[in-house]
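For reference, the structures are reproduced in the following blocks.
The same chain A turns up in both complexes below, where it pairs with chain B and then with chain C.
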Partner chain A sequence: MTGPARSAPGTARTIRVGALTRVEGEGALHVELRDGVPEVVELNIYEPPRFFEAFLRGRAYTEPPDLTARICGICPVAYQVSACNAIESLCGVNLDPDLMALRRLLYCGEWIHSHALHIYMLHAPDFLGAPDIITVAREHRREVERGLALKKAGNRLMELVGGRSIHPINVRVGGFYSVPSRADMALMAEQLRAALDDALATVSWVAGFDFPDLRVDHEMLALTGERYAIEDGAIARSAGPGFGVDRFSEHVRETQVPHSTALHATLDGRPHLTGPLARYTLNHHQLSPLAREAARAAGLGTECRNPFRSIIVRAVEVVYAVEEALRILDEYQPPRRPFVDLEPRAGVGHGVSEAPRGLLYHRYEIDSDGLVTGATIVPPTSQNQAAIEGDLGKVVLAGAGLDDGELTSLCERAIRNYDPCISCATHFLTLTVRRR
Partner chain B sequence: MNAVVIGIGNRFRCDDGLGPAVAERAGASVRPGVRVVPEVTECAALLEAWAGASLAVVVDAAVGGRPGRVRRWSLDELTGPVVLSSHDLDLQQTFELGRALGCAPEKVVVVTVGAVRTGHGEGLSPAVAAALPEAVRLVETVLAEHAQETADQVS
Partner chain C sequence: MPSLAVWKFASCDGCQLTLLDCEDELLTLAEQVQIAVFAEASSAMVGGPYDVSLVEGSITTPTDEHRIREIREQSGTLVAIGACATAGGIQALRNFADVAEFTSVVYARPDYISTLATSTPPSAHVPVDYELRGCPIDRGQLLDTLAALLVGRKPRLPSATVCTECKRSGVSCVTVTEGIACLGPVTHAGCGALCPRHHRGCYGCFGPAATPNMGAMIPLLRRDGMSGGDVDRAFATFNVADFHADRGAP
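So, the complex of A and B:
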């Protein structure tokens, strides 16, 4: 895991992390320091490119939701929904409000499952001095049981609405293949009520962790809507007015960097942040009163710019997602039709949604035969890479006095703050630190 | 006896559907005190599936061995991780997590069958399909041994 021990001041120093743990996918980190100052900080994503954008060409306009869901086993709903939003927008179709509510419900299941997984299994060990969830479970059995119960609640919700929890099969352009019965939804609501207590207890638990000082000034990018944005919304940013979804590519540009198989994206040429911190900073006023109170009690203000505290924001979002799911379940009446029929239309469609890790953009070009002729997918981890490297520079500078093992550990924590999904982005870690 | 037969795998990934296929067949003639959970693909579901069991027989496809070869393992004999999902804990880690949470089975026996292909698609390869009866018999043998051990302890 680590390279040579700390070298004397004034000399070159190299630290290596061969493969990052507790992140989704495969990546490495390379850092070079001279006299304690970081000169090179590179997140090396070496997971092979997956060519989704290429093999989507020639497929029918109905296929992107099922195909792109395969990009990620943790956030497949995000891919399905952004794809549906893009194609439905191009075809000029608005979903019935009850179908939109069902889509939001499915997405709540994914937020609960994905956030619970990251909070308890991937991120909490960092704050408890433990290498993994197994070690945490030996000391914090009740808490880990609670996390697994929350994850399970999210999974069950996805199974009910999506047909299964990994790569749901019930989502189609225009809505769903079938819709749940009221009785099934009532049963689900009963199962989910206990999850609200678990979610609130999670916020209290993570609020008690010790958080390193770090403030990031990156611009924030998130969707905003009539409710705390999840399944759709308008693009908002922290420094200035937002822009239309159809202008996403003008503002968020992807470039290839030599050290990564994932594209780097910037917002108007500068690193930006998307994900829980951005959503909370831009939309916290739209959280439910209970989630807002939980956030306040956990010490969050009107914005959150310390990535180490992202674990609290995720926990608050779980509270919100459980409440939202319960609201939708309680109001549920079976939709009069499971989907809205739509005919293909030649042109370009843009779609966005808030994946657990942040804003996910899809763009499809479709011809008059209804076939995809071009596809662009910009996942949140690609957008956050430049910001992660920026944070790592700050962390390495502040931690230059640490020995290599401690510095490596701190770097890995700084990366896990973002819950990066490397599988999505290659569609990412090994740490090398060189001190001179 | 309180045993569970668990099929690991995804029936839409060709021979990866071997675990569910064997578990279902073993379940067709299941004895008292034996539960069958035919299709598990992630650690939380595995923890739930084997909670409280004295024996868990975990059936999975094996990549890299002779196609159709049926083998029996203890967890300690497995040299590499048994992957449930690329996003999740492996079999051995899930067992350790289960032990920490007090819900691991007392004993785990892993039955594997050498796979030919695990890409997208349905149906088992001929060599794997031909090995199904032998794999089911091995599961039944493991269950019978455990029933005898349990009876011996009682007497």
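So, the complex of A and C:
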């Protein structure tokens, strides 16, 4: 990475950063300023395309969970679950309640792991003025060890239910290949009880960080259900009634822009927000009493619209995910059967779930032979790109007095607030700021 | 202190994440090596040369063809990690299709997209010292490889099949006992027979073993209920290019 070039304010100047770091994937940022006012703000994603939606055609209806998991190594369960939901709904099959609970348990593991990764390894260094977690550990060893322990607990949970944490092997359309024993689940519960203390301590820790002021007014989109939505739910929005999952693509439209290999999505033509802020704002009343109390003590109200504070929301969601996992583990009886048999039928299926980064939509068209003839995947980072660019505009405008180095760093932080998953969206970042 | 660099090409980030998933070893490792480049984990980047480079992902753009050569020049030992970096990954399905048609399916404006017609592993462009198989790689194998390179011994990288891993660890054969179609007899070891332990047939995510007997494998898969199309699809996943080479003409 080359350092930012300094030049006097008011004259033409360029800032260049080789690659955006501590994000998942490859991209760049292009900002042009005239007299301190941003004229162009583009999130430039150059992650090479891998053409999932093209090669899914011709695959068997049983394959999307394993294939689409490979879109993202950090949130493979989200891909597996949205794919399963889409295909199961197309085949007219409902999972047994105990299999749904097991699927939610696996997903809790992914939330714990992915959120702990982002909170401690990718995001916290921004608030502590450090380049990475290794540097943070020099002064905050205890906190870093706590974060690693928390992340590990999430991974162990994924390994127990999914077989492995990256690209789990135990998930299939209709359920699982095998189910864990009660004894293994009891051991897991012991490990997670310690993680609950770590999760609560994490909320208090991040609540003490300094947060820049920023308010995002975009509409919010999240799933909602009988419990705080994770593995499935109905689509809800902050302004007005929600819509059926089968009408997702009528409301959320993807368009292509020249500066990105990721498609941009909008909600009824306007930028929107999905992810922790949207989930918290729409569903916070469904959090457990302990998670709600932790949120209150951390200063969160009934909504959170400052993306810099998303780190607190993630920490609160970790508390919830640990408690939720403990609830499922404590109630666990091995399911009667590991999976529900299903026969393919021709038609179109839609599936959604709440990836750690937000709402993940899958749509499959399947023919009478059980082969996929069309696939559409709308990941959360595609949906959040317009909001990220909006935030960058505000941050650049408010920070016009900062020197290039400080402004660059603030821009990178504004992007990391969203925990963007660029491999997912290509479906981040060299930064160029041109001031005129 | 020896330096370590982690590089990404076309991939899902899962294999480099494996390094961050070494929760118990990460801080110790950071005391033994200088993590000079690791964009997913650190904003600090140190210039080359590097003692060891871990390379994730496949080469799919003209820019990346150039970048892998630069990385090779800067690296003492280059280790390719994961199926994308050893076989081209799932995105190598384009090698057997029309990439222009693929682009038009995903993008409304294909002319904005710069991509090669093929997805190839780093070894197709530069000499590679070691390859860690898997989609994703195995965490234990990654740690062993780093430890080996630190002390100057050769990494222990198995070349046997998943079948042998079942036998060694006493896992009942899912094909013999349950009639489940399994790619274990032709798949490279390294996962610890993960799928058979879960009553699932191996699905080949570590790619072909050194000398896979495809001629014997395919009739077994057909016997165990796979159609011709199922067999073709089973080999056309994360290591499609390697399995394709072993099967000869499709």
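To be clear about the criterion, the second predicted complex is superposed on the first by the 423 of 436 C-alpha atoms of A that agree within 3 Å, B and C clash if a C-alpha of one lies under 4 Å from a C-alpha of the other, contacts with A are read in each partner's own complex, and residues count from 1 in each chain.
Here is the rule we use: a contact is a pair of C-beta atoms (placed from the backbone, for glycine too) under 8 Å apart; a residue touches a chain by one contact, two chains touch by 3 or more.
If you're wondering where the values come from, they're calculated on a predicted model, not measured in any experiment.
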Specify the outcome, clash or fit, for chain B and chain C once both structures are aligned onto chain A.
clash
Which of chain B and chain C A:Asp66 touches, first, second, both or neither:
second
Have a look at where A:Ser178 lands relative to chain B and chain C in the superposition and call it first, second, both or neither.
second
According to the stated criteria, A:Pro76 is in contact with first (chain B), second (chain C), both, or neither; which is it?
second
Touch check for A:Pro258: first (chain B), second (chain C), both, or neither?
second
Between chain B and chain C, more extensive residue contact with chain A
C
First, second, both or neither for A:Arg193, with chain B first and chain C second:
neither
Quick one: is A:Pro131 in contact with chain B, with chain C, with both, or with neither? Answer first, second, both or neither.
second
Partner chain(s) touched by A:Phe51 [first = chain B, second = chain C, both, neither]
second
Which residues of chain A are in contact with chain B in one complex and with chain C in the other?
24-25, 73-74, 117, 121, 132-135, 137, 141, 144-145, 148, 151-152, 155, 165-166, 423
Residue ranges of chain A touching chain C (in the complex, touch as defined)
1, 18-26, 47-55, 57, 59-60, 63, 66-67, 70-74, 76, 117, 121-122, 125, 131-135, 137, 141, 144-145, 148-149, 151-152, 155, 163-167, 169-170, 172, 177-178, 255-256, 258, 261, 263, 338, 412, 423, 427
Per the touch rule above, chain C residues touching chain A in the complex are 8-18, 20-21, 23-24, 26-27, 30, 35, 38-45, 60-61, 64, 89-91, 93-94, 97, 99, 101-103, 105-109, 112-113, 115, 119, 135-136, 194-195, 197-200, 203, 205, 229-230, 233, 237-238
What residues of chain A sit close enough to touch chain B in their complex?
24-25, 73-74, 117, 121, 132-135, 137-138, 141, 144-145, 148, 151-152, 155, 165-166, 423
What part of chain B is in contact with chain A in the complex they form?
41-42, 44, 47-48, 85-87, 89, 93, 96-97, 100-102
